[in-house]
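Below you'll find the structures, each written out as structure tokens.
The two complexes that follow have chain A in common; it is paired with chain B in the first and with chain C in the second.
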Partner chain A sequence: MSELDEFKATYFDECSELLNELEEQFTAIEEGDRNADRLNAVFRAIHSVKGGAGAFGFTGLVGFAHEFETLLDFVRNGKVEMSDEVAALCIRANDIVADFVAAARAGEELASDYGAEEKARFVALCNGSKSDEELEEDGEPMEEFDIDFTPVAVNLEADTASETEGWLVEFTPYRDLYARANDPLLLLRELAELGDVEIKVILKEIPALSDFEPFGVYCGWEILVPGADVTEQSVRDVFEFVDGDCDIKITRKTVSEAPPAADAGFDLDDDDLPSFADLANEIKPVAKPAEAPAQTTSEAGDAKNAAPVGVQSIRVDLDKVDRVVNMVGELVITQSMLTQQMDDNLKVHYQELVRGLEVLAQTTRGLQDSVMAIRAQPVKSVFSRMPRLVRELAGKTNKKIRLEMVGENTEIDKTVIEQLSDPLTHMIRNSADHGIESPEKRTAGRKPETGVIRLSAEQAGGNILIIVEDDGAGINRERVLQIARDRGVVGPDQQMTEEQIDNLIFAPGFSTADEVSDISGRGVGMDVVLSNIKKIGGSVHVRSWPGAGTRMTLRLPLTLAVLDVMLVTVGGCPYVIPLSSIVETMQCARADFGHMPTGGRVLQVRGEYVQVVDLATRFEMHTDIEEKNRFAVLCEAEGSVKIALIVDNIIGQQQVVIKSLEENFERIDGIAGGTILGDGNVALIVDVQGLRTATTHRNAA
Partner chain B sequence: MEALEINNEVDDGHAAETRSLQLIAFSIGEQIYGVEITTVREIRAWNGATPLPNTREFVVGVINLRGTIVPIFDLRARFGDGQTSPTKTHVVVVMSVGEKWVGILVDAVSDILTISKDDIHNVPEGNSIDTDLLSGIITHDGQMVGLIDLHAVVAGAQIET
Partner chain C sequence: MRRMRVLTVDDSRTILAMLHHTLSGAGFEVLQAEDGQKGLEVLNTETVDVVITDINMPVMDGIEFIKNVRASGQHQSLPILILTTETSQEKRDLGREAGGTGWIVKPFDPEKLISVIRRVVH
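The block that comes next holds the complex of A and B.
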């Protein structure tokens, strides 16, 4: 990858973050939340997208973003009112920006007139905007005027056209500014383009020659930017890329007595300096750049959306984090190995060692949690793409759909998040396409015209539940069953429960053909959902209520790397069962078995019958252990279905690091992966959900 | 656990490099087989493996190779000659097949051979196992050496259900 490509990749990464943020902000704006924080945030985000686009020469994007930005600036300054209509236009414009970015990322060109209509609307809105004077008459002060003026200074009528009004910029670079290869000269030149600037060097900090440091910063500048029509933002923009690397103070400067031609007020002799300083003191500084958005509204503003104060972050290559995760994994293995080696005899004699090992175990656990937390991200990054999807789908299908999202801040492993986007898109698309009915049908069915899709995320033990729910028509079971029979997914005489029929939509081979998409039930790409989710160790379950809606539940592991398990043996071989799915264990001698007509067995647990899977039989392992000395491990699979796994022995509980079997081999039915035990041997991870489905299918066949 | 690292440096002389081939030769019973030396990552003594359920009889199981799970194939069983009962003297040759690492269980590693590519003969038509699993035959010191087609050996490991 060339250096430029690397920069581009970073830019696109940032873009997708910014676009996600924009999506979120605009959704809030659409819902009526129009405080200045939001407007500033969207303005900044669009500006950043534009800046990068300019650097890489994405002219179409720059052109569009520029007009968009202008409109946003007008809205921000109160010159254009954020009406519902403007909000809708902004949302559409945001989609268009997203399209431009996507095209640029894919190396494609969009049609030259793409977004032209919206662009024209921007210009029309801005041209029809209120002038500054009108604004003042309206009594809506512009941002800049939110200052403690002295009566003398605000001689607006005389000043509007004169050059006696301007901005005083006090600019002192930090070392970092130079370290990042920024040149103050370029910034000053850029400022000069705004008007007839007066620049003065401040040399207050010059030390004695002997104290000079070669890389020290000893001077700052005071720049006077005249012109009433220069906005504060345009001055600020000049310093955008050195934000945080310098001290910037921008103050409104008004000089009432000076005639326009005379530059006495701007004569930057040493003698005049105090007067500047006085001015700066008299007139309250508007804001420092970093704080600007926060100060434009009262502190009672939406705290959640204010830029987090004091939280610093760094961008790290995921590979580097993965390496740490792997090493922590090895550490966990070594730690559990050491603990295993510690037999009772040793424990008596080396109590210090025992204590040390306990501390090691605690530290390891803490380290592991911290490392996992690094990879954890709120699901927001995926969720935020969904409103747009729903909007588009609603438009295409002429339906009215509202998307509700809950628990966007639930955190989940980054790799899981990455794999979540496609399945979620499929599920939402299915809900919108097949679940929600047309407004007419809904009215006829005495439902509100607008259908609701509810997307929620929550943590449940070691898992994350992601639920997509709609209040649509539900699955047409007859059609689904008919198609499943036609395709041979289900035998002709096989009886199925409603729940089993619902879950047929995930059956491989069920939904590959086009005609299935015509049915009012679901089907398009749902097997893709299942395979994607399985890939990351999760499961999918669907439940439908005819006429009332459908609920799809994704159960995902919190992390992909480490698992709490119960270590068992089957036929002399170690297997591990994820602790999160184990309900209880019991000795076979005390368990209550029953026989089924097909030869299968069931276990009665407190009045409930559950299916029995003998792992030795299932995995074709030979065992010498008598039945009554074996153990039943009661597990809960997806959809609260329990199965009882019969194992030879239960060794104990421990933490293991999940290793891929597929990396060097292939996926095996009933096995979710492998892990390495303390003694260096490999143990296989039992796929409880897989065993359950396999058993159902086998019985079906 | 002893492991013998293989030095993969290419032989001297460019002419020789293009004309000749180095093989790791190993024995299964009386028969000698070979694989190209550049595919071999490591040779290690047999130290047990965890069996994999629902796989064909020639899949011995998986081992832990410095934190990675690597499957082991029993070459004797793959040739339909019954499963090997491995002892401490048996050897696993770890090789790369495409992106994957796999181990082959053999009786012993016998030699490193340098052969000329011209001396590789086609596998005679007849037994499908021979033609499927061998990519060629050469004669070395009057003995026949079968060249293993690794991709074919590791294919079809699962039992179709």
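The block that comes next holds the complex of A and C.
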């Protein structure tokens, strides 16, 4: 990554934070909270976006942000009132800024007139706030942003410039020059860089040493800058910062001509004049001692004040954290390997070692939790993008929708958060687009005109639940089932519970069905939701109440890296089953098996029939173990649907570090990934949900 | 010779990162703070040769920051450059009145930035 790319990455990161903050602020402003702090924060955020954009030459963004910022400046100064209308304009403008940023990030250009309408309104609002007189004075009310700081030079003598052989600079500082930490010495030094300068000091009244003030001004200078190629501007530039803090006169001079300073009539001979350096040395020691003692005392005195204030934080590349996470993963493996190798015989003889291993196990666990906490982030960063989406959708569909958000501060692993944006967008879009009815329809159905979409996040054990709920029309089950049958997703005679029908919208082959989106309103983009969520080890579950609404629940792991599992063997090979999906285990000899009319095997558990999958058959492994000695592991997949997995042996529970199969090999149905066991063997992680879906479809077909 | 130390005060991480890159590339030692308040804290404990500060910042803005630095009495000859997107004379005058030494307009040109610093630092 080049340096520029790195800066850009920082900038875009910063922008998304700023835009999220703006979204929040504007939502509050829209609701009527318009205090000065909020307006200042909004102004600063736009200002920062503009500042960075300028550095990378995103001119469209700079132009728009500049006008927006000007308006915000007027608002915070009270020159323009933040009316509801202005608030609405700002919210739209914020969306436009977000679009500009997104385009810049993608390396694209937006149309040159993008946001022109809003920009024109900013200008109109700002101009409207000024009197005509003020406008006239301003001449150009909307200042160009990217003018250079060099004052525009009007060189009246440009036509004769070639004759110029040098400049005579008469320079007398005022006291204020020192007060702003400017220093004539530096100015003279800089002039000296323009050429072989002649410097003369002009002494004014030199007081007695006792009356000498460190910041007093007791002299001026005349400097002759030779060189025909030296422009007046370059001379003026030197004095740019002290303009107003000194008398400065720059006149054209030919070097051969004696500078007027010589005949200016002060009676010291040139030779007797202190040299520029001497003078500087004379002045400096006076200034410094006065300052130095003060500094020493205060340094000592302020040392205790320098203690950190509030929570301090640093920014770290995610890569670095990932490396630590990986290493902690390896540590977990090593630790569990050591524990496994500790046989009873050793335990008796090396009690110290046993204790040490226990402490190691504890510390490892703590370390792991801490590292995971580093990557945790509030879901706010994703949630905050949703109000805009809902606003847009409501506008497009002519519906009234209110978005409620709960639990924005719930934290999830950053890698999970990044994967959350697309699924959430699709879910919200579905709710707004198809779930919520038109105001007329709602009124007819005796519902409030404004539909509500509720987005919430909460932690539930080792999982995070993200729920998108709406009070819309619900799923049209008849149509969904009809289409599922037509497409062969469900067998003609297969009976489905309401819940199973609702969940059909995620079934493969269903998501592309346009009819579904037209009629039942669900289905578009649900494949994206399901595949994205599965990728990060989560699950999606939908439940709908006709006429009353729909609820979609995302269940996500807190972290992607470490999994609590049960280690089993099948055909002599180790497999692991995520502990979170296991309900119970039993020996096959004691299990109550039966057969379905379609030929599939089922297990009866407390009056409920559960599909059976023999992992040996499924993974084409050979096993010598008698059926009665094998084990059934009862697992729960999405939507409380259970499945029984038959394995040869159950070894025990442990933690494993998940390694992606896709990254290292390729995707395999029924396998969620791999892991390295304590003894160095590789075990595959069973994908319970995948096995269930595959079985359902096989049975259905 | 001791390396020259620059304190940069800005609430934009992007600008801080770019300043850091440019300045450390030119051989300066760079200290950073994200607002005026933090900038003052740094000045309380560290000795720096020059300060570059933004104007628009949360908690304590650049103008307040400069006023505070000058008011402390111990940093009267510390050059403070104002880094700003503002180009209006009015804003510059505000900065100068507070005690700012000079200014740099964002986006800054690295070479110009260095030369401006050299202009105000011994």
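Worth a mention:
One rule holds in what follows: the second predicted complex is superposed on the first by the 453 of 701 C-alpha atoms of A that agree within 3 Å, B and C clash if a C-alpha of one lies under 4 Å from a C-alpha of the other, contacts with A are read in each partner's own complex, and residues count from 1 in each chain.
FYI, contacts are C-beta pairs under 8 Å (C-beta built on N, C-alpha and C of every residue); 3 or more make two chains touch, one makes a residue touch a chain.
Note that this is a predicted model, so its numbers are computed, not measured.
Applying the stated contact rule after C-alpha superposition, one finds that A:Trp167 touches neither chain B nor chain C. Ranked by how many residues of chain A each touches, chain B and chain C are led by C. Of the two partner chains placed by superposition, only chain B is touched by A:Met621; chain C is not. Once the two complexes are laid over each other on the shared chain, residue contacts for A:Gly670 go to chain B alone; chain C is not touched. Residue contacts after overlaying the shared chain place A:Phe7 against chain C, while chain B stays out of touching range.
In the superposition on chain A, no contact is made by A:Phe74 with either chain B or chain C.
Once the two complexes are laid over each other on the shared chain, residue contacts for A:Ala55 go to chain C alone; chain B is not touched.
Within the superposed three-chain model, A:Phe122 lies out of touch with both chain B and chain C [touch as defined at top].
Residues of chain A that lie in the contact sets of both chain B and chain C are absent, per the superposition on chain A.
Taken in their complex, chain A has these residues touching chain B: 326, 329-330, 571, 573-574, 618-621, 659-661, 663-666, 668-671, 674, 676, 680-684. Against chain C, in their complex, chain A makes its touches with residues 3, 6-7, 10-11, 13-14, 40-41, 43-44, 47-48, 50-52, 54-57, 143-149, 178-183, 185-187, 190, 215, 238, 240-241, 244-245, 287, 291, 294-295, 298-299, 302-303, 305-306, 309, 315.
Considering their complex, residues 48-55, 61-64, 67-71, 100-102, 157-158, 161 of chain B touch chain A. Within the complex formed with chain A, the residues of chain C that make contact are 11-15, 17-18, 21, 37, 41, 44-45, 47, 54, 56-58, 70, 72-74, 76-80, 85, 87-88, 96, 99-108, 118-122.
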